[in-house]
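Letters A, B, C, D, E, F, G and H name the chains as they come in the text, with residue numbers starting at 1 for each one.
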Amino acid sequence: MIEKEFKLDHERLKRLGMVEAIWGQHKSYEQICEILRRFQATSQMALVTRVDNKKAEKILDTLESVQYHSQASCLTLGSPLDLDPSLGEVLVVSGGTSDVGVAAEAELSLRMHGIQTDCLMDIGVAGLHRLLGKLERFTKARVVIVCAGMEGSLPTVIAGLIPQPVIGLPVSVGYGVSGGGNASLLSMLSSCSPGLLVVNIDNGYGAAMAALRIIKSDLFKKY
Amino acid sequence: MIEKEFKLDHERLKRLGMVEAIWGQHKSYEQICEILRRFQATSQMALVTRVDNKKAEKILDTLESVQYHSQASCLTLGSPLDLDPSLGEVLVVSGGTSDVGVAAEAELSLRMHGIQTDCLMDIGVAGLHRLLGKLERFTKARVVIVCAGMEGSLPTVIAGLIPQPVIGLPVSVGYGVSGGGNASLLSMLSSCSPGLLVVNIDNGYGAAMAALRIIKSDLFKKY
Amino acid sequence: MIEKEFKLDHERLKRLGMVEAIWGQHKSYEQICEILRRFQATSQMALVTRVDNKKAEKILDTLESVQYHSQASCLTLGSPLDLDPSLGEVLVVSGGTSDVGVAAEAELSLRMHGIQTDCLMDIGVAGLHRLLGKLERFTKARVVIVCAGMEGSLPTVIAGLIPQPVIGLPVSVGYGVSGGGNASLLSMLSSCSPGLLVVNIDNGYGAAMAALRIIKSDLFKKY
Amino acid sequence: MIEKEFKLDHERLKRLGMVEAIWGQHKSYEQICEILRRFQATSQMALVTRVDNKKAEKILDTLESVQYHSQASCLTLGSPLDLDPSLGEVLVVSGGTSDVGVAAEAELSLRMHGIQTDCLMDIGVAGLHRLLGKLERFTKARVVIVCAGMEGSLPTVIAGLIPQPVIGLPVSVGYGVSGGGNASLLSMLSSCSPGLLVVNIDNGYGAAMAALRIIKSDLFKKY
Amino acid sequence: MIEKEFKLDHERLKRLGMVEAIWGQHKSYEQICEILRRFQATSQMALVTRVDNKKAEKILDTLESVQYHSQASCLTLGSPLDLDPSLGEVLVVSGGTSDVGVAAEAELSLRMHGIQTDCLMDIGVAGLHRLLGKLERFTKARVVIVCAGMEGSLPTVIAGLIPQPVIGLPVSVGYGVSGGGNASLLSMLSSCSPGLLVVNIDNGYGAAMAALRIIKSDLFKKY
Amino acid sequence: MIEKEFKLDHERLKRLGMVEAIWGQHKSYEQICEILRRFQATSQMALVTRVDNKKAEKILDTLESVQYHSQASCLTLGSPLDLDPSLGEVLVVSGGTSDVGVAAEAELSLRMHGIQTDCLMDIGVAGLHRLLGKLERFTKARVVIVCAGMEGSLPTVIAGLIPQPVIGLPVSVGYGVSGGGNASLLSMLSSCSPGLLVVNIDNGYGAAMAALRIIKSDLFKKY
Amino acid sequence: MIEKEFKLDHERLKRLGMVEAIWGQHKSYEQICEILRRFQATSQMALVTRVDNKKAEKILDTLESVQYHSQASCLTLGSPLDLDPSLGEVLVVSGGTSDVGVAAEAELSLRMHGIQTDCLMDIGVAGLHRLLGKLERFTKARVVIVCAGMEGSLPTVIAGLIPQPVIGLPVSVGYGVSGGGNASLLSMLSSCSPGLLVVNIDNGYGAAMAALRIIKSDLFKKY
Amino acid sequence: MIEKEFKLDHERLKRLGMVEAIWGQHKSYEQICEILRRFQATSQMALVTRVDNKKAEKILDTLESVQYHSQASCLTLGSPLDLDPSLGEVLVVSGGTSDVGVAAEAELSLRMHGIQTDCLMDIGVAGLHRLLGKLERFTKARVVIVCAGMEGSLPTVIAGLIPQPVIGLPVSVGYGVSGGGNASLLSMLSSCSPGLLVVNIDNGYGAAMAALRIIKSDLFKKY
């Protein structure tokens, strides 16, 4: 039998400055507890994504110092990393109510790495006035993460209005041809707004880590 | 051998009020001439779509009364139908320079059926100010046809701003995932703006015939 | 944590003349109740689509003035809008018994906006006599919405027979290559009948809003 | 180097009663001549499909007894097989002018095997009266082959009207989502008319061989 | 509300010689009972496909004269139609154990229409000797229906060996790229064996109705 | 006829700090000349992408001050923008010789906006030593753009090794399943390296504009 | 009714040297027991794949000599085959914790055929040092099976480093575009490392049988 | 401008025992000459794949010691590597005449690495007797490479008959759903014959390198 031991990439924090995220969806209650215990033993921070309410409750009953974030469906262990707040803030935007879960995963992942965040929900392009009335909130952000399901137009509209890095985060919300998030993903990749960046469907953690890379890229300036 | 004779649907005009359109792309110079001669013989109007410059020139050399519309890549025979101008006007909008050919096919098809038209080109969402500055042009239209390639967001933005029927017309402009017009089509079908209607990629004639059906639906009111 | 507050687009009624529809499928019982209470507080009409029997029952137990329409799987709040009946009637047609749910969503959405409706069920093209025997019912409609799963031929056949606007509404009924509604959608988009319009798979509400736009486009005539 | 010799399946005629068809599209002028010479040497019949005009002319210049059928884009060698005419006739139907090439390949393949054929072109469902006015032509056929591109509804409508075997033959005519024949193929496979049979896109020869199998299946009755 | 009444195509038996099949998968226990009662009232035969064990048991408890065929997951009402046995027999073949359900649906549909059937299960091409050792069973059949999931090679191999009509019936058995039956369907459509016919994935009833059309095509011979 | 006039988004430079890029692939020699003349008239910089050798030569013969960059298949007008070099440098990496064209489009677009660039070609993962031997070149870059066709693993490997922003740029190089760049795109979107960003296939200009947004995001820090 | 009897390919062991594997996923508890009893009756070895915990427990309660391997989700009957250990060992590698199930199916299938195995888990390319630090484990293997989900880069990196046969085994782990394993499969097929071999998604048994064929190919050397 | 220099992986021969293959399809005459000159200068062997007749002729005119293999569309430089013939022979099989080019690329690549080869062309499954009559040729091979387009059944049939490693090589021959080789690829991946290995469509070189890895894996036995 294959040894069950998980070889976590403990060097990731040193190498990339990122907390290792454990993808919880296909892991059992027992597997997640075992992983978290190992992190606890070495006093490391941990982030477990895609943990539903039921599984989370059982884990919280077993492990004391773990916290559950129900909107983001994530478990965390330990306190957020420190980061110089002057590096700037990341704005997380979403087009509709159904995108909130993915937006929350991104927002939590940012905060766990010490990044300042702001949020703007429900400003989809079907009612453009909701977006245009909030433009000054965008001027305060260094990076903008835009969650959108359905036809995914929101990141295109925003990237045409502002000069900052915009990360399109497609969401698997929809039905028919938009179900699964594919229409939204294709729309973002095809964007006529120059320089829109894209990550995988529902990948809130990935969008956050990309924003972290951008925020911390100051270290690689040529002083 | 199968008899080469084309059985055109001459009843279409009577039944649907539409001129029969001949799809010219895969027809030879000889086939198109033969079809047009038959229309001429019965003094009927005709519209041949997707005829490139070279084929058109040879046909114009052969048949006198035919006209070529190079922007729309269409041939026409006969003069436009009459229609009551008070039924209202159709506005044809396009997002980028590359959509002009499809927009022109739609616009010509409308005019051949006697419909008043207006056109707004190059108002893509990557520069939203171009669209927002033209909003009053939209209030004069009864139906709006919106051509868009790439990520196809324009019809969604417009259908969120105005109450009239909006017909999304995806255009096969792009590269990578947007090549062939599929991303644009999916985007329009997935639109979060309620009531956006869609036709096949590059189907300028179809969008025009849908607008014609709408314009003439007054006949089916319950006076 | 992201504030849970839903920013509904209350301007939609004023701007587009449409009641905001809430997509109920991925919302919890609690979320739907919260939204409906806010509508109640401001005496607004509301339409919640894709609510199954179980969820509906719990909501009806909690909120008094809400109504459930089981065939359409929709909840409504408030009474329908008023609309001039002389604007004409919309005919909702379906090919098979399994399309009834989607047809009912379209029909209810129309009635909530004050539009007169008629319905013809089970007239699929596999038994063409059922359709041909009902043709005079079509002459009384200003717009026809045609629901079809499987191979989706029905809208093509109807759009070849009548001059009114025809909206093809693909239904996710089928198995193998027709499962999910994709074959039906492609068939409608590819239609050889000129001017057939299409909306997303199962999008009964969208088809209805498109019909509403058409019916009310009289306001944009050039008197 | 791999020996260039072609190992033709000369047993096919004995085993299946079918003339071997050579797929000419990707073969050079030299390769086709070489193959035909070998057939000539053994006095066998041959059928080469998908040979364009230019290649055909060069081959006709080289090999005397070969015949070219330009509508079907096929070369034949030798005279048709004999078959008892009382076995019945095959009707080849097409929806539009652009399907004629594929229909002609099917019709020629049938005639080369001695089968009686009839043809009905240009009876697409967009003008249903053209089909309904010809129904008695269908009662004389034992098998019906129906060619259709675009949305491919024609075989579904026909298979709902007649009890004979109907073979749907999708044609790669169209643009946008119907380009390549895929929408038509999916439509036929999804058909709500029970017992519709389907072959690959543009496979006129295959549809003919299927009809041959049906016509000759009398040999396997239980007298 | 849309009237719930089902408009069954009672003319189908007269027109096509086929019993109407009701697709049971998405219908509730109540809907199926209601339909069957109407058939009972007019003493008609009925076939309901895709009914799982649980639903079937409840229906059998309610309606007396109904029979359940668990292997085929079908309900039937009434006794099979009469058919001249000399018209020949249909052989139903399957490649693997997992195809048995679809094979059984085909076989039952044939028997309900009075057709003689034979069955050969588990003769997949991975062990070719199993097929080659049974070849004489094929010589007794007039039509062969071949069920296959996975890579779907079996119909190709059989159609290369025998001259009768072969109907490929792809089965949604598999995983990875073969899950859902798509690889099997594509394989059958692409077959290098001339004249292989194909129906939709899992469409046992459709394959049977196609065989019925073939068997009864004798009526259209030219005596 | 639709007025041919191009409405360029002259505000883009002011709004986004980006030179407008004209997509040259589907534009004629005449159209490109007309556009460039208008830029010349207002002394603006311009970038035209996807212009092949032949078209470029004709344009250079007509317009004096235009420059052609054959490796990048781009035309430029005017001199590069000024940018503070201390903002840091962008490293453009490619996996194979065939990616050079796309890499060059990215590199030129960066230089036209005043950004310092470095290039590393031919360091594909099939020979990992080529990459590992060059790691210190990566430590000098603030942003890394990684071009890769075929299976597209290179950006994943690099993003696992360095903490800077990495932009995956899929290239349409390959054959079979990798033809068109789709396998590479999916691979980058699916990456197990956290925070890898992706743009459309062959979109060298887009990758460059994303890097520009990142480099200039310093303006949005919270000093 | 179709006879339920399973015709197992008992010759497979003699012909191919492989134990027949029964695919347990879609088989019921009763079916699996029946099959295993027949194997027991003839004292043959058996391997049943894809059996979940619940089904396995019921089977173990019924049949004594059966063993369950929970990590691999497989049942086995009988003891492993004998094989000369000098033929060499197979190394099974996986990129992430979630691939362990598929890796275990491969590993168990190898051991049941008497092959020596070694395992390396959790050495994904996102942390390349984990792989590079284990290279000498690879030099002891004759064949390497590499399991990978997500973007599937691991087999490409390994096949570029070692000269032995490498079998890429895509795993259906992921979400968005990587869900279902398709991105991983395409990546492996597109690999720029020469001679990488691929099997179907999640096909652990298949990868093992391919390794067995390679290990035993010594019998076909030309001594 | 990016330096044009190609960084060839000269270590590949030492590391993997493989000659570097240059993919010639998208390289110009000049680029190929430049690469070959560099190989010549260091007296290394080279293989350039996918070079058409015209390009080859120009190169042969320029470089003396280069050889063109027209059936395989490959150029080679230098003489084949030496390999112990007792390691065994590789049999290259193809289903149809149109697969010969891909088969020849595989066969040449094997010979350039010193491997003994045998070839069997035109033994497709549509005429199974051609394959069954040649079975003893298979017993002399250590590895079998099977090229197949269309429905790609041949590797499945062969892998069910013989115990050696079988490498399925899908060929982009076909039309409709089989065009591009996708049906063939899916068929091979889905194969019900255990242990069939697969490479990318048309990847003759890749299949050969996989066979080389297998043949040379003797070095990793445990003596």
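Keep in mind that, in the parts below, a residue touches a chain if its C-beta (ideal position, glycine included) is under 8 Å from a C-beta of that chain, and two chains touch if they have at least 3 such contacts.
Just so you know, these numbers come straight off a predicted model, no measurement behind them.
Path length between subunit C and subunit F in the chain contact graph, taken as the least number of steps between touching chains: 2. The two copies, subunit C and subunit E, are related by a rotation of 90°, based on C-alpha atoms and rounded to the nearest 5. Set against the Cα centre of subunit B, the chain with the most distant centre is G.
One inter-chain figure worth recording: subunit A and subunit E are separated by 49 Å, centre to centre, where each centre is the mean of the chain's CA atoms.
The geometric centre of subunit B is 26 Å away from that of subunit C, both derived from CA atoms. Each chain gets a centre from the mean of its Cα atoms; for subunit B and subunit E, those two points are 45 Å apart. For this pair, subunit A with subunit G, the centres built from the Cα atoms lie 35 Å apart.
For subunit F, the set of residues touching two or more other chains reads 12, 15, 124, 126-127, 160-161, 176-178, 182, 185, 189-191, 194, 200. Shown are all chain pairs that touch, namely A-B, A-C, A-F, A-G, B-C, B-D, B-F, C-D, C-E, D-E, D-H, E-G, E-H, F-G, F-H, G-H.
Listed in rising order, the residues of subunit E touching subunit C in the complex are 1-9, 11-12, 15, 23, 25-27, 31, 170, 172, 181-182, 185, 200-203. Those residues of subunit D that touch subunit C in the shared complex are 95-96, 124-128, 150-153, 156-157, 159-161, 174, 176-178, 182-184, 186-194. Chain contact summary for the complex, subunit A toward subunit C: residues 69, 71, 92, 97-98, 100, 103-104, 107, 119, 121-124, 126-127, 129-130, 173, 175-178. Of all the residues in subunit A, the ones that touch subunit F in their complex are 15-18, 21, 85-89, 116, 139-143, 160-167, 185, 189-191, 194-200, 205-206, 208-214, 216-223.
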